[in-house]
Every structure is written in structure tokens, then in C-alpha cells.
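Please go over the structures that come below.
Next come two complexes, and both contain chain A; in the first it sits with chain B, in the second with chain C.
Right after this comes the complex of A and B.
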């Protein structure tokens, strides 16, 4: 890490730079001239607040632009390019892989004021600018009898731009798919400040932008697909004396024809953390707790599907509890929703992994990761969207008392377990800067080269979000 | 959040601040809850942004005056506390920070005079009453005055009622079932004396004896939240001396801001000799709706007479009830218990009305924008009556509802209950 960067990570003992207190750089002055003072932030107190996301602090930007139109984005990109500084797109900065945290001083374009949203019920579409908050789409669509299914746990905060850039998922994604499955078209501004509108045909350029974490273009607007909500939902919770049994039950239920709308798993450490926090009466001794929703148009089918899941759970040795009412269902889901705060109470910081493995490998993967955690000095918990094999092993630590390098090493070991079992590094949180180093383990050199070629084609001068996703080129690995 | 806050040199309040900063994982879940973020859409004017700014100032990496404009825009509404999944005590952080930073602030002589005047006038009901009357005369001048002077005038009601001192002891009617102490509050004694009168009647009616202990004064919240820590400490200690928690089943307040202030005493005195006393005191503090709500739950609340006609009541959650004290269900339950009353939910109900203590005086533009938005949201429910449990919200909402041309009465929850008991609703 460069000294400048070290100085800016908050736990470093390097001296912090003297505050500049104003726009004493040409870029900020240029942008203010072009866009006016309302849309440009240049004081240190302002810029300091655009250097982090939900996981990491990075370099303080030279200037921040809060565009209100695509025209503003174009102007900002051109100014940054003329100044020769990198450009980082930013939504709500709820990202969990350091994506929105700049690795070097440059321009941050924060989309929070681009919030135009139009619903076209006749086409079952929403037209959303990048800064629209995810939940707002469903809220606006609901009066028309429609919803927008992608539901990251951050849906009250995160933006559509950030969701697209990360290809965000959520508990519903087993049945309903992830963000990318709901994008019909998008508009973006490229590294030269040119505007593009792309759909999903020909070369699926939209698909390329989805999940590119701001490294290939800045998404300004998207056309999103809406669906009618399922009128009926049923919920159950099952617990198992062994993790493998839980994974088997899930596979068996799916094989039997159930397509649950939500399938969430919590391991024993996780359940106990929630129980310590809220005392919900969760089974503390169970090695795995499974939460399942089935939904659909026809109540009999919904209940039939839930029955398939219940049967599979019981056959695998699980104990099933069915929610009799919607309120009871909500109470069961409260356990899962409380995972974040419950973990926050144990240690101030956590490293949140986001691996995906084949469902068949889940029992082994969960056990191996548990063993790694037990052998380490850290508190490790696991939960995740088990239907997709998407696990979130979390390492809880206190950066003032514990060795952050050891945390990183443990995270790396966990990533290697996933890769060894045919898994990938990120289900939904992206690679960002956090998991960039692990890419060389996960992706073969020829493919990495192809990725680099794509990057060069769209961003030849490497101006967009440098230091993210792709490990430095030219290093022989 | 990692930090290098020099707790050793900051003392008890330093611990309070460092603890809050530690607990924040900068996830941003609080952003959509924040009224200033909703208006301004930038990170510095969001809870997460403010936490980072305070951290930087405390660590010495950012001059206080650079952060101040953004911190000053915080309403202290604590909507972020409700939204935070990690339980970050933001309210404690900002309060402690304001106390720590105020002595270092550079302020214009006009600003200083204004703040001193507010802090003198607010806690002294008699002075406030006189000031409010003087303000009445100044009202016609409002259009030509600067915003900082205009806004307090705008909020004054059309007429300032006469002061009504409350009896030191209000006996229980019928069999005595409880004994409580009551904090009479400051500004509201002058502006809306009926809040207290109604409170005493309703408690008495329910067999509760009410004592108004001598020597009590302002809760200190206004001083504390504007950073006048020394003044606040004087008021806090006076109240700790006036109220002996052992003598009462509960210590009641009918102003959300004051109740929240009283419940903050242990935090204010963290690390000081009186901390344990403050804890015993705070453990007994309840909002009036919390106390009556418990009677309702226990099935011992006296039933009211039905309303004379079906009434739609829009209930406004005061931030200091809903966010700071977590009291949401009880006032609604109490209103619903009156036959004929329907409680309406206000869209964007969690968003502050913009009153927030002295905010109206310090940030008139933002306060007005929020007031307008709140009034619009409330009126969209087409209520017959508007209820809230806080004097600040009351004046703000009344003023903006009237400005939007609506005459629906704005009342304290307890006034509605009182009317119902008397068969006048």
C-alpha cells in the first residue's frame, strides 16, 4: 500500500495529511465552473465522506460530483479524463467488497441525486435512473399490481446503479433470479464521456456492464422488468443436528419439484449469536437452521410445495416448524434479518465472504470452513442463500486487538475451500478490491487475459475504478 | 469503525463517543431514514457521514469548523438510531460531541446572543410567556425580519394563553392505585397549558396521585443538545435532587423531548459520581402514553365515553417518542381505545417534522422544508384531528397545517383522551 493510502486507512499509525480545507486543485475548480457549486464537492470535510463503502476506507477523492442528469455525468467524465485522474462511480456505498472506495485520489461520481423513476404498467417495466433506491421501485410499482423482485438485504439503502454494477442478489434469487435477470436495457457513459444505450441482444453489452463494478462504464439509467407479486406465501423453519443433513434436505426438496421463493441457512454459531441478541427461542443445539418460503398464485400448490420441503427435511432427520399465520412467518424471518446486528454486537468489525459452491458440495464446504474457523483465534459464523449454494462465512474481529493480516489469511483460506470444491469467489457482493487478490486462484490465466482485453476495449486508459476486480496485469501467476 | 479517538484525554464523554464510533460498521442502512439526507442527498449530511466527520474531528484530522456546518444540520431526531441494525447510539454521540465541541466554536456575537437568549428563555416559563407575548406584537413585522428572527415568530400561536400554575398535589379520584411524580416542562406551560391540565385530570381519573416536586426545572435537553453542557449539568443535578425515584411508581413527562432528555441523564453523567443516581432516576422515567399504555394493557385503564361522531385521527410520531424512546404503539392504542376513533398512519411517518428543539431557530430553511413536507403528508390522510405527543411538533405542525389552509385541530394525545373522558370529543 502506498504511504498516501496507508495514511488514509483509519487504523494506520501513519500521520494523516494536513487538511486542505478547500478546492485547491484544478479539477475541482474546473468542475465547479462546468457544473456549478451545488453539484461539486471540494472541501475536505465533504471529500472525506466519499472514500468508503460498507467494508473499506480508501483514498480521499480530489473532487466529488453529484450529477443530476446524464449530461452532468458526461461533463464530469470528460473533465476527469482531461485532468488524467481516475473515476469511481458510487451509489449508496453499501457495497461489501470495497468497490466504491477509491484506491487512489481522483473523481468520485455519486449518483444519489439521479432519482427519476417512471413505471410503465402496460409494459411491466420501470425506467430508473442510477440513484433510485432499490425498494423505491417496488413501492412505486405496487399500486399497479407489480413488484421488482431482486431483493438484496440492503434494498432500503442500495441504489439501482450499485445493484446493477454488483449484479446484486438476495433471498428471493433462487426462484426469481438476480438483478441481471430483470434488466432489459441500460444507458451508460463510457470512459471517454460518450453516452450509450444498450439492450440484451447482439453483443450483450448490457450483460457485460452488469456486475462490472464500475470498471467498464458508468450506468446512468436502466429499464427494469416488473412482475406481479405472488398472492400466497407460506413459511417453515427446520433445524438439523448436522449441516450435511440440511444441505441434503434442500437438494431432495428441489429434486422433488419444490421451487421455494426463499431458502436461507444459518449455522450453529450464527443461530446462537441471534439468540444471544434477541432470545427468539431458536434451537441453540442445532447445527443448522433452514428457513423456507414457498409462494405462488395457487394456495394449494404453495402448500403442496411447502409439504415437499417439510417431508424432505424430516426424512433428512430435521425438525420442522410451520408458520400458521403470516405474523408467525414474519417472526421466523426475524431471526434471519437480525443476523447483521447480532454479529455487530460480538465484534466491531467483520470480514464478510460471499462464496458460491455446488449444493452437493455444501456439507463438506461448511464443515471445512467451520474447522478453519475453530482452528483460528476468530469467531466465525456462516449463513447464506443455501438454494444457490451462496454462503456468507463471516469472520468477526476487533481490529484494535486482533491481527487484520490473520483475518485476511483466513478469508483467503476460505476462498480456497470454495474454489477447491468447484465454487466461485462472489455470489453477489462483487470482487472489488477485497477479493481481487484471490482472482488469480479462481480464474485461469487465459481467461484473465480475456477479461483484461475486454477491460482495455472499453476503458483503454484504465480510468474507470482502477484497482478493482482484475489483479495487476503482467505479473506472472 | 476503526478509530484513534484519544479517549484518555476526553474522559467519560470520550468513552461515550468512541463507543458509538466503534459500533458503526459504515453499512449505510441509516441513510434513507435521515431527513437531511432526504433533502440534500449527500453523504456529509447523512448519519454515517456525520459519524465519520465527528471521528475525524475527534482524532484531530479535520478542523471542527469544517465539519460544523454538516453537524449543525443534524436534527437530533434519531431516525438513524431506529434504522441502524448495529445499534449505534448516534444520539449519544452527537449530544456528547456537541457538549465537547461547543466551547471551541467560533460564533458571531449575534449568534452567541441568540443562543444565550434561547437558553435563558426556554427553561423559564414565566420569561417565555412574556417573551411570547412580546413576540405577538412583533408578528406583523415578520415579513421584513431576517429568517433567523422570523421563524420563531411564525411558530407562535395566534394567541398566547394565560399561565396556569398546576397544583403541587393532585389526589387520585376514587381508590388510589398509584403515585407518580410529574415534570411540568417549560415552554409548553406557557404555550399550551392545557397539556398539563389534561394530564393531571386523566391521571387522577385513573386513580393515580400526581406530585409535582418542588425544585424541579427544565429537563436540560435544549441546553444539552445545543452543546451548553455546563448549563445542562446544572439543570440535570437540580432535577436529580428534586425527584427521589424511591418515592414514586414513575416519573412522568408529557413532552417527548423532555422525557427523552430525562432518560439521557445516565449518559450525560457517564463516568461521574452521580451516574448511579442518574440510572435509578432514569429507570423510573416514562412518557405519559407509556404509563397509560401499561394501564390499558393491564386492563385497568378507565374506559372513556365514545366520541360524539366517528373521528379520523392522524397520529404523528414525535421523533423523541418513536426514535429516542421507542414509544410507538402505546399512543395509538390509547387513541384506538376511544370508541369511534380511527387512527390514521401518516405517509413518511418516520421523517422528522423539522421542529427538533431549537432547529427551527438555527436552520430555518431546512426546518421549513420539512415542516411543509410533514403537513402535506398529514393532510393527505384527510384527518378530522391531528395528534402528537410533543410540544415542538405541535407548534410546527399546527403552523404548517394552517399555512396550507387546513383547520383540523392539532392536539396532544392526552388532550384527546381527556376530552373523551369528559364526553366532549
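Right after this comes the complex of A and C.
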């Protein structure tokens, strides 16, 4: 474990004026000359908007490029490399691990204008540039009887490029898989400004890029697999007097043969945060709330699977409420989708973990993390896609009043609970800068060395999104 | 394109005596001292059996190790590295691209004794060592109501380690995905003899190893995802007076909304080879035979999907025959499973291609390849998992009587047809040594350089399975 603590917030840095002279003016001027003024942001007030993602503040970029083509990306990368500054790719910046927040001043390439999207119904494929909004893929595919399943909570704003960089999941990923499972091919620009087009062949370079958070290359476009939507969906909510009982119900339901299409968990603190925000009538006294969808071609099977879940919940001591209509189901899901804004009202900042543990370990893991939270001075909430063991313990805090080192230590203790139970650090949000220090606990030194060797192979000058994923002690330059 | 032609056969080499003195004796002696005589094969007659896969002859190994544990693999790798000889991993050697056939004398590590297999029904996972036979996973999982879907044609003999190394597919992969889609974690031994355990996290090193044919590391064990089998399956066979019409029917059926669980195509030459071998009553005069399964939870949907396929076949001019019983369905599938042995009876050797093209390009691709075959002096057959555009044009030849350079040229022309139609070289069998030369047509120089950089990052001394996947002109050592 590094002795150097993570800067959980750089708010103080953000209030400092950004560097104004020399390098960045030269870079911004160079980029403006190359790409024209419409595609380059160089004013401080503009650049300040590109220093954070949805959870983490970073360094103010020296310049921001808004490319409209792969050619623009190539030109921007080459200019940044010539200027010797790092390059950070950015989609909608709705990420929750600091992946798009620069750790040092440099060039930010924001893909929001690269939004070309073509549906090929006969191939069941979408061709999407990096800036296409996630939801837009399904919206364009639906008239052809197809959908794009990956559904991160931010899917109304997040971009395909960001989803690919973080290998984003979502409620549907338990049954349908994560972003990477839907990628047939992708194009990327490497650290030298070379363009590549790769399929999922031998030496799966595409797969290596997916989830690498822009540290190995900048994804510019992807070929995505589409599927027909299930015709039938049923929803239930269950609440439990005890957190571990909820996790036990999930394990029992899946062991009994249910494959829910969505399976989401919120603890009492989380439920109350949502209830304070929206007043939906959620059970405030329950220690755990479970939201479950089953879906499929056959209504009897769909209802049968929901019954398996209901039985498991009741046997574990839960109270089950079935949605009578699709509208009631949608209302129940509104609770889960509102967790992030609801938590933002309690404390201005949060450390969001993304652990994945074996499903059978869930009861113990949820209880142990609850105990860590209760023993700490912080507001800790737990929620997540509990079906695949993906939990999001969140530590809510105010960096102006609370000790960010203590937040870091609690987050580290939570990560160690996951690792002790055979789990991993990140299911869908990436490692970013936020969980980077914990990688030394999760990955053995020989494998970290192999990861660093791969990083150096594709980005020898360490120009792409420095300070993400790989802990600094692995550096040997 | 390299001017150096692929050695399509090294039969002549295989008839030469293997090197007898010096290095290999020292290596075999060293290994025997380290691992005991039971785990090391050093006699020429034993070693000769480890020079080929199911399609390609290679160099006779200096020594063969049959490890019983990861520790044995580590010791063997270190001994081979100390002796300065290359290392080739091997499962059942049922591969069809030369992946397990050594290109130069060295150490072969044959994983057939590493067969530990544990099913975790509550996690829907199997933990399998590299030598576990593919079918054994489903056989062990079935009592728990689970299956392991990847079903390469050789699944009764092939091993999980070999399937992972080649990222094997099979008839079910159109609906259910290939081997890599079922891997949650894996362990491997690297070129330095270091052991690694990796999950599918940021920097998907596991994904990079899958399909890399033992050129980046030796996979020793994997955690595999299991799924419940579909309760209903229906089968049909259709035959067509013209090859392109069959491909058109497939495209039309899928565009209409059918997601068959299996979708296999055989051309007339292939059907007649099987009929000569087994006399199953296949339509000898048909230019194309299509075999289709639909499966799912809902029998009406399953039958509805089969009807969509039947309609599309008939509209394209095909004749449809539905299997009335499961036994009749199994009999139809026996035809497809017998293709490899049937072809082996016609000519002693074959060049097996594994192209994948966009489904909409299938009619043209199948017709163009047929025309190339007809214009050549060789026996050319086509079959494959036509649902995902994965075709196996096979050139049958006798290396004692026919010009292997002409075989190579025809294979190259076929690869170029695929690439011209936006396809790739390998869907499930890997590149191996057999299609390595064609990589320069399929992959641009900048991406080949990136692949070489990744190779060097993980295997800097080029010790692991040299001569596979990456064309030699990329080497810059």
C-alpha cells in the first residue's frame, strides 16, 4: 500500500487560478491554428468545466479540444505530444471513479461532438462514434425491434466512449452482460496519433482497450451488438428487517434457478436518502430494499422466476410487493435511479466503491461493511447490482469539514473486506484515480508488473491519462 | 504479404530424425531431475506424438512435460528458459490452425493431466484446470441444472486450456457467445515462470490471454460461467439448389427476428463427403444444406422462430424438413459433427479457413469462394456457423502429389475475399501458423506494431509459441 494518500478532493486546487502563461497558451494556439477556433476551448472559464467527472475534481486542463472527426483527434494527440503534455479523453464525465478527471494539467479531448450513429438491423449492429449518448443507441434501434442492453444509471447522459473506457455495467448486466460484451469492433487513436481499427480477434486489443480508461488509447468509434428486447417483464420490491437477510434471499433465489434481468439493492440509509428527496412511499424502517425484474419470451417462465425470487425473499424474512402494472414497475425503478442525486443532497462529496464479491459471500460482506460504517464518523450507504455481487458502498462527506484521509482509510478497509472474501475492486465504474491505491492489495506484484509492461508497450511515454488504474509504485521508468 | 510461403506441411521434416544430442538431452535430463521421470517424455517415439495438432505438422519437441500442478508448469517454464528453448502449450491438440504445433524444436507442455474440475452451483461457476475436457464441464454441471455452452466440434476431446488459447466457438456461439464470453477469471504462468491470477477488470489481461494461442502466457486454470439450459429445442434441415440462396435465407431469417441457437451450413461437396462416410440420407444433389436449432423457455416462441427460418428458406427456394422428434434432430446434427472425419477420408491434409464476414455479405462471399474453388485444381468444401458469418472454406490436398504453394495461394485468395467484404481471418480456430501470413492483409501496419509491442511486453525474449499469429515482418528484435 502506498504511503502517499489519494487526494480524494482537489477542491482547494480547483479554487487556485490555473496556470496562465507559456505552455498552455502555446498548446491552445497551436491547436486553434490546426483545428480552427470552433473546436478548441482555451479560456480559463471554459477549461474549468473540464477538470472533473461526476465524483472527483482534477487539474484544470491547459486546453480542451472538441473533435468532430477522427482526424481532429489525431491532430490533437500529435499536438499534445509535441508539447509534451498528457492527454485525457472525456465523454459526458458522468463517471464515478475519477477516470475523466485529469491528474495533471494537459489536453482534454471531449468527444461530445462525435455523435454519428448508424443502425444496421440486418447485422443487428450499431456503428456509434464515441460521443453518442448511450440511450440514443437503443432509441435508434427500437424501431427495428432491437435494443442495446448495457444501461449504466447515467445512460441518459453518458456516452458510448465513456462506457467503453470504463466497461460500464448497469442493472441489466447481471443477465445481459456489460458494455464489453456488446463490442464487436472498435477504432482508437494511439499515443502517437496513429488510428487503429480492431476486431475481437486473436490478441484481443479491442478488449484490452475496453475498461482501460483512456490509458492505452482513445476510443473514437465502436461496432455494437444489438439484441431483440424481451416481450415480457415483471417487477417486485421486497424489504427486509436486516441487511444480510436481503443478500441471503438473493443468493437463494439465484441458486433456485432465477435469472432476474435486474436485481438491485438499497440499504436503509440509501432508501431514506431517496425518500427524503422524492417521497415515493418507500419503507423507511426496512434495513434493506430489493428491486427485481424478471424478463423473457414466455410470460409463465417470467412469472415463475419472479415467484422463485418472492419465495426466497419471504423465506429470508422479507416482505414482498409485486408491481401490478408496468407503470407501477417503472415507479419502483425510479427509486433506484434517483440514488445518486439523492446522496448528493446529504453531503457535497462521496467516495463511491464498486466492489464485486462472490454472491455466496454477499451476506457477510454487506454486514461487515455496515459494521465498518457504523463504527466510523461518516455517513455510509450501500446499494448496487447485487445479482452479480456488485456493491456500491458510498462514503458521504464534506471535504471542508471532514478528514479526507479518514475517508480514504475507511474506503481502503471496505476494499479489503471485498478482497478478503475473494472479490475485486471494480465491477463497472473503473479504478480511475479513486481506487488506484487499492490495486496493490487486489493485484499481486508480478501481475501489476505485467500490467505496467502492457501500459508501456502501448503508451511508452506515459502520455495517456496518467495517474489512473495502475498504482505509482509499479512505475519503473 | 511475406514473400516467404507458409510451410503448409512439414511432413518431410517429420520424417527426418529429430535432433538427438546436446541441448535436448540436457533439457530432458534437467526436467526429469526437477519433476521426476513420470512427468517427462524424452524418447523420440514419445516426442514425435507431440509435434502436430489436428491439421498441421510441426517440429519434434526436444522434451515434453506432462504437469500435474501449476508448480510443475512453473518449473518446466524456468527450465526451458534456462536452456534457451521455446515453449509451446498443448491441450488435446484438436486445433485447426497449427496453434499447438511447434514451429521449432523446444519444450511442449501438455496439460492433459491437469484435470481438476469443481462446480459451484450457487455461483453458477465451474473452476477448471487447463486439461479438463470441454464436455466434462457440462457433464459435471448438468446435475445442478446448468450447462457450459461453448461447443467446439471437438468438444468430446478438446480441453478448456486449448479452447481458451484459441477462443473457440461452436454451433451454439451465434446465440450464446464464444469461450471468452464465459471466462470470469483465469490463472496463467508467464514467460518468466511467474504465476498470475487475473479477473476481467480494468486492463483485461485475462481477455488478452484468451485467444492468444499461448504466445503471451500459459493458461493453467479458469473460472467459467455456467447457465441453465433452454428447456425447449426444435430442429430443421433445409436444402437449396444454389449456395448463395442458402446464405440469403439465413440473412433474411435473422433480419426477420429469429435468433437460432445453432445455424450451420454445408455445401454440396461437404454434404457428399459426409454422405460417403456415413450414408445418412442427406440430399446429395443440393448445392447447400442448412441445419438450424431454435431454443428457449417458451415452446411457442421456439416454434415461431423455427417457422421464421422455414419461411425464409422456402422464400429463397429451399426445401425444408423439420425434425419430428429430439432423436431425429440429433441424427441431423450427426451429419454436421462428422464433417472433419469425412473430409480426412478424401485427402490426407487440408487447409482450414475460419473467416468471419458480415452476414449481409454472405451470399456474395459464398459464391465468390465457390468460384475460386471451381477454378482451382483442388477439392474445396465450405461449411460453418453461418449465423454469425463464420465460414470454414477447406482446401483438401495431398502434400505428396499436389503443390502446397498453390494451396497457400488459393487460401490467400479466399482470405482476401473475406477482407474485401469487411470480414476477418479467424472466428474460432485462431490464426496459428496457418493463417499467420494473411495477417498483413487483415491488420494495418500500425496495429500490427501495437500487437508486437504487446507481445514483447509480456514475452520479451519471444519464448512462448514462436511463429504463431503475428507475421514475422513485424519482428524488430
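Of note:
The rule we apply is simple: the second predicted complex is superposed on the first by the 447 of 477 C-alpha atoms of A that agree within 3 Å, B and C clash if a C-alpha of one lies under 4 Å from a C-alpha of the other, contacts with A are read in each partner's own complex, and residues count from 1 in each chain.
Definition applied: contacts are C-beta pairs under 8 Å (C-beta built on N, C-alpha and C of every residue); 3 or more make two chains touch, one makes a residue touch a chain.
A quick note: this is a predicted structure, and the numbers were derived from the prediction, not measured.
Using the contact criterion defined above for the overlaid structures, shared-chain residue A:319 touches neither chain B nor chain C, since it reaches no partner.
Touched residues of chain A were counted for both chain B and chain C, and C has more of them. In the superposition on chain A, A:348 makes contact with chain B only, not with chain C.
Shared-chain residue A:453: touches chain C; no touch with chain B. In the superposition on chain A, A:199 makes contact with chain C only, while chain B stays out of contact range. Shared-chain residue A:92: touches chain B; no touch with chain C. When the two complexes are overlaid on their common chain A, residue A:118 makes contact with neither chain B nor chain C. Of the two partner chains, chain C is the only one touched by A:212; chain B is not.
Residue overlap on chain A between the chain B contacts of one complex and the chain C contacts of the other is empty. Within the complex formed with chain A, the residues of chain B that make contact are 1-4, 22-23, 25-29, 31-32, 41-44, 49, 52-53, 55-56, 59-63, 66-67, 69-70, 83, 85-87. Residues of chain A that touch chain B in their complex: 9-11, 16, 19, 21, 41, 43-46, 48-50, 52-54, 66, 92-94, 110, 112-113, 115, 131, 133, 154, 156-157, 338, 340-341, 344-345, 348-350, 399-400. Those residues of chain C that touch chain A in the shared complex are 120-124, 145, 167, 177, 180-181, 190, 194-199, 201-205, 207-208, 210-213, 215-216, 227-228, 251, 254-255, 257, 259, 296-298, 300-301, 358-360, 424-426, 430-431, 444, 446-447, 450-451, 453-458, 469-470.
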